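Letters A, B, C and D mark the chains in the order given here, with residues in each chain numbered from 1 onward.
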Amino acid sequence: MAERVMLLALFDDIGPAANGIAKLRDLGVGDESMNVISGLPFPARVLGRPRAITHVSKIALVGSALGAVFGLFLLYGTAYLYPLQVGGQPVYPIPMAFVTIFEMAMLGFMGFAFLGLFVDSGFPSYTPKEYVPEVSSGKIAVLFPCERADEKRFVESLTGAGAESVKPVEARHL
Amino acid sequence: MSEPISRRDFLKLASAGAATTAVLTGCGPASRYVTREPYTKMPEYTYNGQSTFYATTCRECSAGCGLVVRTMQGRAIKVEGNKNNPVNLGKTCARGQVTLQGLYNPDRIQNPGKHTRGANSWSSGQGSGFQEITWIDAINEVSNALSTNEPDEIAFLLGMAPDHLFDLVSELTTAIGAPAPIRFGALGMFEARKTLMQAASRMFGTRGLPSFDIGEAGVVFSFGANFLETWFSPVAQTREFAKFRQRNPAGRGHLVQFEARMSQTGSKADEWIAIRPGSEAQVVLAIGRLVAESRGLPLPPAFANADVEAAAAAADVPSGTLVHLAGVFAQAARALAIPGGAALAQSTGLEAAEAVLALNALVGNLGKAGGVFMAPLAPIADAYHAPASGREMMEFIGKLNSGKIKALFIHGTNPVFELPRALGFMEALAQVPQVISFSSFPDETALQADYVFPDHHGLESWGYQQVATGANAAVLSGSQPVVAPFYNTQSTADVLLAAAHLPRGRAGGQLSQALSYSDELAYIQSKLGSLLADGSGFFSAPEIDTFTAYFQQHGGWWTMDDRRVAPPTADVLNRTFEAAPAALDGDGEFHFVPFVSPILAEAGANKPWLQEVPDPTTTVMWNTWIEINPETAERLGIQDQDVVRVVSPMGSAEATVYKYPAIRPDTIAMPFGQGHTVYGQFAEKRGANPTDLLGTRLNAAGDLTFGSMKIRIEKTGRTRELARLEGALGVYGFDAK
Amino acid sequence: MAIAARPMLPAKAHAQEHEDPREHLMHDPRPRGEMNAMVLESMHTAGWRFYAAAGVLTLLVLTCFFYAWGYMIANGLGVAGVNRPVFWGIFLVNTVFWIGISHAGTFISAILRVMKVEGRRPFTRAAELMTTFGLVQAGASIFMHMGRVWLGYLLFPFPNERGLWPNFHSPLMWDFLAINTYLLCSTMYLFLPLIPDIAMVRDHATGWRKIPYRILSLGFRGTEGEWKNLQTAMNIFAFAIIPVMFSVHTIVSWDFAMAMRPGWSSSVFGPYFVIGALHSGMAAVAIVLFMIRSTMKHMKYFIRAEHFNLMGKLMLIVSMAWAYFYFNDYLVMWYGGDKWEKILQEFTEKGPLGYLWFAMLIFNIAVPWLILWNRKWRSTPWLLASVGLIINIGMWLERYIIIPVGLTINRMPFTWRLYVPAIEVFLTIGTISLFLLLYMLASRLIPIIPVWEVQEGQAAHMLRKVGKAEVSTVSEIE
Amino acid sequence: MSTELELPMFTNTSEEDLGGRWGMVIDQDICTGCQACVAACAMENNIPYVGEKDAAYGRSLHWIRIERFWQDAFPEVKMTPYQPMLCQQCHKAPCEPVCPVFASVHSASEDINLQVYNRCVGTRYCSNNCPYQARTFNWRDYTDTRRQPELTTLQNQLNPDVTVRRRGVMEKCTFCIQRIRHSEDAAKADNRPVEDGETLPACAQACPADAIVFGRIDDPESRVSQAARSARGYHQLEELGTLPRVTYLKGETDGHRG
């Protein structure tokens, strides 16, 4: 098994970056194995990349369902556990349920969306990663693995495509 | 004193009567009848969570209402009315309810002591004007005062309660040949009791107090009688009023109140007639004349001189009103007229009182249901001993000033505060070498005393009260201690007896023979002895100890039958009155109407909860106010919360204004009860005392004419918020403060 | 015949020149690196004025907030001005007021984000900060209001030793749930767009300062997946937090509307309170923008007249909406002729506190309407800020009139009494100081400008020549 | 009540005609405003006094207050009949549902409104929602002997059957439930029903005019039930549908005159 390196191509604009990605694809680097790092959220189609999938919304929906159930419990469950009639009102009032259910459902919805982001993106993770700070100054980095042998070829073709620099990166602490 | 009976036998005796009432007899730890018993048999009042109830008598005023005090583990918890006592039938007034705050008052005098006059300090201490002494020394002091001074150099000044002490002191004074004790009370003064009694005796030729059967009257004309507040026996009269209104055989009663300032009683009246102070006699006579006319009776001499127009003019009411009222009175099946405090406190007061009695005679209600009776004489009472009139007090003060009195004993009254300052009682005290006060509280009179030998609080005391009026039966309300004395106090009666028994000096010998009672209770028993024979009581007993037990258990003794007597209706109507306007004092613009605060009365100011109970008509708490008609205030540019000064030739007083809608525009009213200079932290330097403004004029019966003063009103430029329960915004509108 | 186009007067024409789109932030792009540097510098520069202000505020917070509150807890609410019948006083006025303030944050960042109003970009975060810190004050005020705050935990949904839970029949419990939901969600919503910016700070920070930012940036790099998740989450929040926002203030209004009281029991209170909240919130944003712009470095680049113009327009619209709802409530009461409501209205207008009512109308309606209609005026930062201040005072008065003034009148005229604030005054100062202090500190700890969002916007904007004019166009690259 | 809870109550089960157990009748025609009830209530229920300053500011803790207003001006001025105002023990009490911690609850056995002092956190929502303004709040520690040394002796009279409230707690009239309980226990002890008039709240017990009648209103024969049927009877703020347990007999002015 030949040794592989992680190459990071740095582009300072969208166009070159898109070309570079196309090039890489021609050079046989699969979409799944390359990774684009940017300081801006670029839609996949801008870079000619397949759309990334996310589970955040599914998780959020689960959360809202849980929340709704909890809201239901707050009004009816607690009343069932310790029934008290106040002000001649029913012990299990229907209209009030909408309030608690709504609030708790919303809390669950958003809370789980937040958690979903963590789960889906593997946050928080403080392990070493391949990264260059220039990204947050607007540059676009394309990260891909390749054989040590092919390294030169990749560098040339990507520079041709307008990359500022293409060099192997080591994972380091962010 | 016979064989002491054990507490157990005692309870057996008690249980006989206990069927009817939950009240246990008993005397608290102070009882002399308790023989020691092992702790395995604890007395019931020490059981956890178990209440014991003791019947006794209220001493907040002299009406003699029966109380049942709930106690727990030796503490008095709650005052309730004694259901059996005919005076109040289980009911109490606000003052009676709060009497416990007197018992547990933080400002009670806790020890006997030698006191420097004018020093507001009541316990030994560095630089304090009070030197605590032992009760032995105290008794010696009393004994010395009694024996070293000539009999006519000794004077006793007592309050309107308790009666047993008055009786005992009377015996004492007769024994040593000293002048009889004088009793005084502000309530008596503001009711002008003497005037009413004298009117009764002159009209009916009988001594005693008339009693008015409000409950069954169809129409009641009350001339200044605030019978729902402090007049004689308010609780009983309130009960009668309720009957008058809702359980009245003559249909719902119709009340007409004649007074310049709407009292609490006036506020319940169907018609409130604001007659000018001083015109009362004329109004009564005018109404009498009109009644006679509308009933088509021959005009009796009594009302011959009445001039309706003049009366209407004097009273500042349309004569049509008088005619209408006379019609009401004349048509009524059962009409009743009541003469009361304010009306009698005028130079024409006696005439007014007599005229009112004549008015009753005119409609022939004397001795009839809903009419006028003579109140029954209380059991074991030789006569009703009324509080001293203004004249008697003035004579007494004269005596003090003359320096003839060497030793003055004061109990149960506070004349320095209650008497008009103009009478100079305080100055007179300065002329007395030795003043001994038995006050339980540091009041203004005790402040001028050389010795203070604090008596027990009423709820720690034995005694009885001879009910003057309020019940149809003859009632003797009994007191017993409901708790052990809270402080190092001693019963005044015991102190006097002990002093009398000291074999010392000339007086000593006579006294110990004359007053052979071993102690207070023995004295009371000896007085009760005469009732053993009397079968008319609702209980009787073969021998005195059992009787005393019942007496304590039931909180007194009273007859089952109606003891009121019809006044002789002789030539009541043939007297003549000249219907002259009353003489007034002072040159001020306004008539001055001092009235007793229905809540505080004369001695309630030191009880915090009474201070916080709102006045019924103004809802003011915690302070004195000056009632002024809103128009007048408008005219004088006086706002709510302004502090004004009312000035009479005799003195002045400052208080916050209360714009009172129900007072004559030419009248200023002020409650009596606050304005103490001492008397404990809750009363001290709070409010003003209207008696400072009063003069010394007396009416024909010798009572002070406290309604005759005309006063000036001055702005001070200061403001002070008045504590009102009412929200002025809601009651008097958005621009009220 | 055709109507001739008449040229404008020079003066008016001059006004038109402000329309140069190049002056808009979106068309005045700078390299990301430069913007980063500007924001970082604005964070790191703190002159003596900053420290002086912070010092004073800290002092005020210690005395007027912590000491005053402790004193009140120790001595009971007697040290406040509440009495019978005015059982609720300034504490709840402040609660409603601060919740109102907190509304603008969400409104700006959520609704405008959903509506893709580009003008929002530079100050969404400034507004969201307001939401979070405002809610903190609101919560504090509620607990100040409680007679036994040391038992406040009884409000949390858990059973006590006898298995008794809180009473969810009580609007106060709904309030408790709603405000907590809102606080949590708005805090998360503040955090999400912050992650990339924190990552940015992390990349530039050095030494120990780097640590907190590294922790807070959660290891964000900016990979496609991270961006995708982040944006999904942000969209979810943007949509979901709007109904929550509405519900919160509606429920706050129910605390009053559910009560059996003249003037309170009104079905219009829900929307009326929401609009009222926006009214004061918008105004507060205007103030904050002015403060940031005039005190922090480089902010004149990010926050421009156009943004004040945008805020001005919003404020004017909201003010009109508020007037509409108020009149709605007023007229129904006036016409309905319920005895007690009539008395209440008479009291509010002619009573001893009538001047508050007139002040409220002037501050909330007259002032904004008279000033905000003019673009030039509303684009003037100091003027807009002062209008904002006046509106906030007016809205505070509005709550004061609803609560203490309204409570003076009930169905038992015998109890009607006025309310005189006591220690509430200090505690109000305390909450305001705490709010400002928190805000100042935050402005130095996190980038107050969401740089990546600004750049995103700039990347999407371009000028296109249409005939003789250059017009702004936005391309959908999000 | 418990039976009502067997099946879930999705709707309101309180019926207009559902009779309460304990009730009161106040006859305004014979109430003389003498304040005996006010004092009795304070003495029985350990109600502290608040002092002049707080009393002036509307913080006095009277559980029962006597209201009165004025009509017309001098000399026609008339005082409206005295109106003792206390907790009406509503069957549908507006104060109950709004309490977030169930400190204001309904007693199923007495059918009166209870205030649970140790549960109360002092939101004062109940008092805002009480149309009768019958609730009072402990604005300070009025019973703290460290703050008021003078209370040390006065507190000898504290009623052991009634909790002493501390600052921050809402309180109100309880119909003297400690007395009701006591008589119920006594009756149970010698197993008999509680007799009419056997238990009286302090106010009714003290009232010199006997204007306050108390008893079981589910017993048609009881004195209070008969009084409540009077033609003069009315309820305070009846239109609110709170179903008060206190009936007032209006102060009438007799027919043939003024």
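Throughout what follows, a residue touches a chain if its C-beta (ideal position, glycine included) is under 8 Å from a C-beta of that chain, and two chains touch if they have at least 3 such contacts.
Quantities reported herein were computed from a predicted structural model and do not represent experimental measurements.
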Farthest chain (mean CA position) relative to subunit A: B
A-D compared against B-D, more contacting pairs: B-D
Gap in Å, rounded to a whole number, between the CA centres of subunit D and subunit A: 64
Where subunit A and subunit B are represented by their mean Cα positions, the distance between them in whole Å: 91
Approximate Å spacing (C-alpha centroids) for the pair subunit B, subunit D: 32
Separation of subunit B from subunit C, taking each centre as the mean of its C-alpha atoms, in whole Å: 68
Residues of subunit D whose C-beta touches two or more other chains: 58, 65, 67-69, 94, 97-99, 102
Set of subunit A residues in contact with two or more other chains: 84, 86-87, 89, 93
For subunit B, residues that touch 2 or more chains besides their own: 726-727, 731
Chain-level touch network, classified as line, ring, star, complete or other: other
Every chain pair in contact, whichever chains are involved: A-C, A-D, B-C, B-D, C-D
Subunit D to subunit B touching residues, read off their complex: 27, 29-30, 32-36, 38-40, 42-44, 49-53, 55-56, 58, 60, 62, 65-70, 73-75, 77-79, 82, 149-160, 202, 205-211, 252-254, 257-258
Interface residues, subunit B side, partner subunit D - complex: 49, 72, 75-81, 88, 90-98, 100-101, 103-106, 228-229, 234-235, 238-239, 241-242, 245-246, 251-252, 254, 262, 264-265, 267-268, 270-272, 274, 317, 328, 486, 598-599, 608-614, 616-617, 619, 621-623, 629-631, 661-665, 681, 721-727, 731-732
Residues of subunit D defined as touching subunit C within the complex: 54, 57-59, 65, 67-69, 85, 94, 97-102, 119-125, 127-129, 131-133, 136-141, 167-170, 237, 240
Subunit C partner contacts - residues on subunit B that touch it in the complex: 726-731, 734-735
Subunit D-touching residues of subunit A, taken from the complex the two chains share: 83-94
